[in-house]
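In order of appearance the chains are A, B, C and D, and numbering begins at 1 in each one.
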Amino acid sequence: MQIKTAEARSVIDRTLGNLVWGWKKLSMITDDKILILRPDLPKADIKPLYRQMQKCVDARGGEVSARTHAAVLGQAYLDLNDQGRHQFMRLIVDRFGTDEAALRESMTAYLEQGDRRDQRMLDRVRELLTPPWTTLFTQFNALPSGVKFLVDMRSDLIRFSREDGELEVLDRDLQRLLVSWFDIGFLDLRRITWDEPASLLEKLIAYEAVHEVQSWEDLKHRLNTDRCCYAFFHPRMPDEPLIFVQVALVNGISESIQDLLDDKAPVEDPHTVDTAVFYSITNAQHGLRGISLGDFLIKRVANDLERQYPNLKNYVTLSPAPGFRDFIECGLDLDELPPLSPSEKSEVETLLETRVVEQQEILETSKTVKPLLMRLCAHYLASGGNGTGPADPVANFHLSNGARIEQINWLGDQSIRGMNRSFGLMVNYRYRLSDIEKNHEAYALDGRITCSSRVKSLLRMNGQS
Amino acid sequence: MQIKTAEARSVIDRTLGNLVWGWKKLSMITDDKILILRPDLPKADIKPLYRQMQKCVDARGGEVSARTHAAVLGQAYLDLNDQGRHQFMRLIVDRFGTDEAALRESMTAYLEQGDRRDQRMLDRVRELLTPPWTTLFTQFNALPSGVKFLVDMRSDLIRFSREDGELEVLDRDLQRLLVSWFDIGFLDLRRITWDEPASLLEKLIAYEAVHEVQSWEDLKHRLNTDRCCYAFFHPRMPDEPLIFVQVALVNGISESIQDLLDDKAPVEDPHTVDTAVFYSITNAQHGLRGISLGDFLIKRVANDLERQYPNLKNYVTLSPAPGFRDFIECGLDLDELPPLSPSEKSEVETLLETRVVEQQEILETSKTVKPLLMRLCAHYLASGGNGTGPADPVANFHLSNGARIEQINWLGDQSIRGMNRSFGLMVNYRYRLSDIEKNHEAYALDGRITCSSRVKSLLRMNGQS
Amino acid sequence: MQIKTAEARSVIDRTLGNLVWGWKKLSMITDDKILILRPDLPKADIKPLYRQMQKCVDARGGEVSARTHAAVLGQAYLDLNDQGRHQFMRLIVDRFGTDEAALRESMTAYLEQGDRRDQRMLDRVRELLTPPWTTLFTQFNALPSGVKFLVDMRSDLIRFSREDGELEVLDRDLQRLLVSWFDIGFLDLRRITWDEPASLLEKLIAYEAVHEVQSWEDLKHRLNTDRCCYAFFHPRMPDEPLIFVQVALVNGISESIQDLLDDKAPVEDPHTVDTAVFYSITNAQHGLRGISLGDFLIKRVANDLERQYPNLKNYVTLSPAPGFRDFIECGLDLDELPPLSPSEKSEVETLLETRVVEQQEILETSKTVKPLLMRLCAHYLASGGNGTGPADPVANFHLSNGARIEQINWLGDQSIRGMNRSFGLMVNYRYRLSDIEKNHEAYALDGRITCSSRVKSLLRMNGQS
Amino acid sequence: MQIKTAEARSVIDRTLGNLVWGWKKLSMITDDKILILRPDLPKADIKPLYRQMQKCVDARGGEVSARTHAAVLGQAYLDLNDQGRHQFMRLIVDRFGTDEAALRESMTAYLEQGDRRDQRMLDRVRELLTPPWTTLFTQFNALPSGVKFLVDMRSDLIRFSREDGELEVLDRDLQRLLVSWFDIGFLDLRRITWDEPASLLEKLIAYEAVHEVQSWEDLKHRLNTDRCCYAFFHPRMPDEPLIFVQVALVNGISESIQDLLDDKAPVEDPHTVDTAVFYSITNAQHGLRGISLGDFLIKRVANDLERQYPNLKNYVTLSPAPGFRDFIECGLDLDELPPLSPSEKSEVETLLETRVVEQQEILETSKTVKPLLMRLCAHYLASGGNGTGPADPVANFHLSNGARIEQINWLGDQSIRGMNRSFGLMVNYRYRLSDIEKNHEAYALDGRITCSSRVKSLLRMNGQS
């Protein structure tokens, strides 16, 4: 999800001249208007870059000109390599951050004034808390594809922050800006069909993170009449899905992802089936990390499906349990698993030592392994009763959305990955309209997890074994 | 620009159910979900309203539900009358503002920590500076037409603030939100032609503030091939112009607004003329007060015209000088006018005492009045050399955009209003690409005003008289 | 509906160069490519015009070039005045008609060949029956706005044919072409709302033939939520309605057009009312005379309304009876009216002699005039039992569509025009789904007219008086 | 290109009810409205089918009802298998053809009337020459996707006609109808990019007839910035390309199709190159056989490219010579080749006897084979001087469009197919604006073929060998 320099540049080059009045001509008059930097941004190039940034922050020549200066800056950024971009960010964080002295002064002044609320003084504090770099970020918004530029820039920033902790403060600020701009109220929910542009569909193929799309034919199958795909879009990034979900319309709650993805299976009439299975949710933009849209997506899609297909009765997911194997492995080491009989313990140990390709046989033949793993998985998902929620991130996501744990599926995902992560187990979470708020409150306030009776009996089995 | 209750409600009623999952059904289950308030919001209704607001702010039932609760709140707001709405705002400002004790505490903690930058502490201050009401405002964004709802709500707020100063802090906060959401990077510039929907065009007729549109025929004339109109739109308010400008494409700089608006005048070929005259700019949304888009509009339109009609050489305005009469009247009282000969003084006094309908004759016959008023007007516009800028708001707007004062036009606006405000004088401001930044800087930093040589000689004449 | 030369030319001039490859450049090379004719087409200009036509008909330079030559021809046509255009048509009819000798020969050959069907021979006859001018007409289709050009050309042709009978054969041929191109399968039905382009809506105002649109406000009223307007469009004339109908959604069958058009009347909720009243149908293109779209329009609109507003039960018209006064006047002269008592006869005579402005009083005060006129009107509409159908063209139209005569309304149209044509009487025809085919067959095959029982009793009253 | 029954039916089933008023309901009342036929249309089903056809032709129940009856008929057709459809056509041709007796009578009447032109009599002949089945065909146009239905029906008809000559007359009539409806004036030229719907692009992959599209990646390469694809569309078949052309924008005239299709080749900047190579034209609809759109397509595309890329100087094709091998083989047998020396004759014979996989070696190593085949190919393409044109259909197509033979390319197509058809030779035809009309006339009227001097010298070489 890095910015692809060549492509992005060509868009910018083509439209920059038209972006703000006279940029092209200005650049003919005063030739310092174009900023030519070496890709890795050596020291000698820092100074002209700094001057250009300063010009933006000061809005020299007026607001309209400042946007043009920012466009030049953005264009320069696209030509940098990773090292250069990192330096670019360091320059911002070092030179255009909060004026701390002034900030402290303003706070002191506010604190000293006694009880009287003086809003002007607070406004001053607030203003100083918005560092000059926020101005810079905002000005990039007027670039052609400016919103996408910022999202991609944040994607860079997240990468750099991993090694350079001082950039985190910049990242948090950019995130705050994007949270405001990607408010759910601005987004479009769109159903993606086979009639969408190939240039959009190839992005789905590239981005799909949960169950890889194998080919265009596979994609076509996933957009068939008994399948559907929905995505959120931002009006300024109309060709870029932000997050998308894939749904299968079937009879009965699906228990196996391989069955769902089998393009030989007969096509159902979506107007007669009773169940919508959400089998994949993908965040498509790294640069939007921490901006949560999944809850909205699931519920709006459910709402849309409900109106289109009034026969639907069940809204469930078919989800992985990505940390289940780790849970067992660590639990065994730390002796934190639910009580196991010696034979159970040994069975688990054997399993952990077996290579994935051979596990399958054990799973299919052993009579004892299924109840054992099912029970452990129930614990894994549902016993985070200490208020911190379950270890499983997927469980945590759906539970805080107000879903309940409906069912654990034996051999639900027989892919290598599925085996590796959770011995092939998959989970259905269920969204039931009338319970969502109640479940959410129970989970959010008290850490209580709602389960179906089937899962509850798995949990109860525990003591007996 | 008030929210028209009936219309807005019907839109909301129709779409609310689809807005977020299951609202309609939820409301069937738990009947406290619909908030029924009396129009003037008597005391007894405050409590349920407060509870609903609290539910939103706490995001009870999850984020998605919170948006539904906010929609119910928004719906209730639309049914209130002015008194009720004012109470609604008071409730917000009284109960959902900044937690000052916590804020002070967080600041003190930050100040005490010594030199070490601790961003988490700053984040805490920043968070406390964003009062709960901001959450409320943001949640309204998910209403159908939510952006328009907020803009109109701010329009209400501005009205109420005039009498109730405590609402100002709320207004400033809402303005900050709108500044971010109406960033120029999000707006669409669109040329408005006679092919636009009648439902949009009737808004132009209603909103046009500078030179009233007389009829649909008048509007058609203003959208003819040698005229044009451009507006900015927000992607979430596609049917509502935010600000629009009207331009005439003519030969030579226009000196009279009546000539421009005369629909009997022959139509020019826009591809051969040399001058674009911006003769009217209207801010269409009261709720966007203080969010300045005019500078961007003028320059982007100029850019667009330049590409379409390469023969254009001059970009000028034909603008009123709305405070000129007041300037003379007060100046005379306070003896602050430029030096006048006794006869001049008497001429001015006569003029001020004459009724508008009789002024015209003086203006057309007296040989001395023209040079006198032209000279005074030059002073009015260009002599704000004390750094505060000229008294005239229109001059101030164009000068800070980087334009220069090009020409003062005798009998440029012979309407009653034009006579009343400025004895019929009108002004051309000129936007010259190569000078814009220089002019802006001179004006912004040093208060220096740029004039054409013609206006300069008017200013020089002063000493001689 | 004449071709507006200036407008049409400018469109053509602008796009002609792009129409077919290289026209612009060709014209620079061989200067005979542009045809300059004097507006009234004097004799001297006939020859070059003839040569150009011949070039088209022969498709000289290939099919693509021929279309360019035809475009030049079309452009020339637009610059002619009525006299010139008439000559243009005469030239076509005189020189590019059927080759009769060859035709006769081909028929003779066919007839002589005995019983054996030889399709090639028939094809030859068919080919000769398609005169060269058909080639010309078809080639005009590649003009920008070519379809509209032909429709407008036919409008000219219809006018000229009134005085010049020899053009009729040309008109019949052009009509045949347009019948094929305006087949209902190609047309789009579109609901026209207040959100349509002003440039389209002003055409509704201009074209509306039945009840004149008074102003933009009147139009807005007619497009309100309890009113609707539908039109057919051709994909190649997307800005030109072909035929449009106006419908009011009301409770109960409307009896007065003035009540319907009253913009002070309260707006109904279209989802609760029971009756759709078709109160105006207008053929918007003179050049499509004889191509009947009205029947399709009414039934498709009814179908569309039915799906949108499931509460609708009645589909009726509110129609004029345009020939009623003439029917009485002539009937009296020729003694062909149904039997009248002497007092009735005298009342009718008085009425005929009274000026319209004074008729109203008689109609409102006399007790005998109402039953009399109602009875006569029932006869006027329903007694064309001799198989030729009623004299009234409106009745004939609706009856052949399968509607029945539902009701005659006293003082249904109190406008001057309504008084003049039918003493203010209006008629409801009713479209009842289950009877349409039956009614149509009865009327089409046997000339039987279907009436409601109320109208039937009016007819029966006859003998008694 | 057969009608895919299942898909087509579902579209029809879904929309038929809405097609014309009340069909759905009518069918509930009178149950004979739905026509259920067995797939192979046994004799017993002929009678109800005939009755339904008769109902359409007679327009029983009115025009609107007739369209509904036709829709029922169309729906029934889609459910038939090939045998059934053939019977369906036979029924039409046997029972709804020309009334020959009446036709003869009308002709006789016309011939006997002497010299006086009586248009009414001719109209009568013309009417009788339009058999009732034309009514049927036209009525199918109101089916949802009616135009596509007819095009596909003609595709069936063409297949059946091969074995059943009596259907030809029906086919000719349907062709006449389609010629009128697919007049170039109605078609849209659209550039196809990677942003088009996947559902459209997969049709390009399926239809491409000249150089098979290997994969979605291959297609993406063919839609890259230095490639382009254009197609004609009918407004009533917006998802179906009628004919499409693929163009490469390159420097210099391309000599090898494998080089052009190589997706490893560097991408050119289309704004700087000098040559547009039309390397593939595909007629996408079998049912439009005999309706020639290729000439228009090439010239309009050239026109469009010229405006977009003003640097283009050459417009050429890279075309196969599909009949070249046959020409040599037959020519050798019949001794009709240009004079060959004995060694040449033997070389040719060897070549003809060699398997394709081994030919390549001969072609690449023999020094004599290249001049020999090039010379023969020049004769093959350019020596059809007897006025019948060259044997090569591709040459004939481009020559009648006004192109000239520019160049013959050695090893231009090394695919099996290319080897098989023409020993790997390919041909460039050149479209030069200023010569098109002249070339066309020379070829159309006198059979003169225009060649470049290089091709001319190949022809001259002949005598010397």
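Please note the rule applied: a residue touches a chain if its C-beta (ideal position, glycine included) is under 8 Å from a C-beta of that chain, and two chains touch if they have at least 3 such contacts.
Only a predicted model underlies this, so the values are computations on that prediction, with no experimental measurement involved.
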item	value
Mutual neighbours - chains that touch subunit A and subunit B alike	none
Most distant chain from subunit B, judged by the mean position of its C-alpha atoms	D
Chain centre separation in whole Å, for subunit D relative to subunit B (CA means)	60
Computed distance of Cα centres, subunit D from subunit C, in Å	38
Interchain centroid distance [CA atoms averaged], subunit A/subunit D, Å	50
For subunit D, residues that touch 2 or more chains besides their own	none
Contact footprint of subunit D on subunit A as seen in their complex	194-199, 201, 216, 220
In the complex, subunit D residues that touch subunit C	18, 20-22, 25-26, 29, 60-65, 67, 98, 100, 104, 107-108, 110-111, 117, 119, 122-123, 125-126, 129, 138, 141-143, 146-147, 168-169, 172, 177, 180-181, 183-186, 235-236, 292, 295-296, 299-300, 302-303, 306-307, 400-402, 433-434, 436-437, 440-441, 444
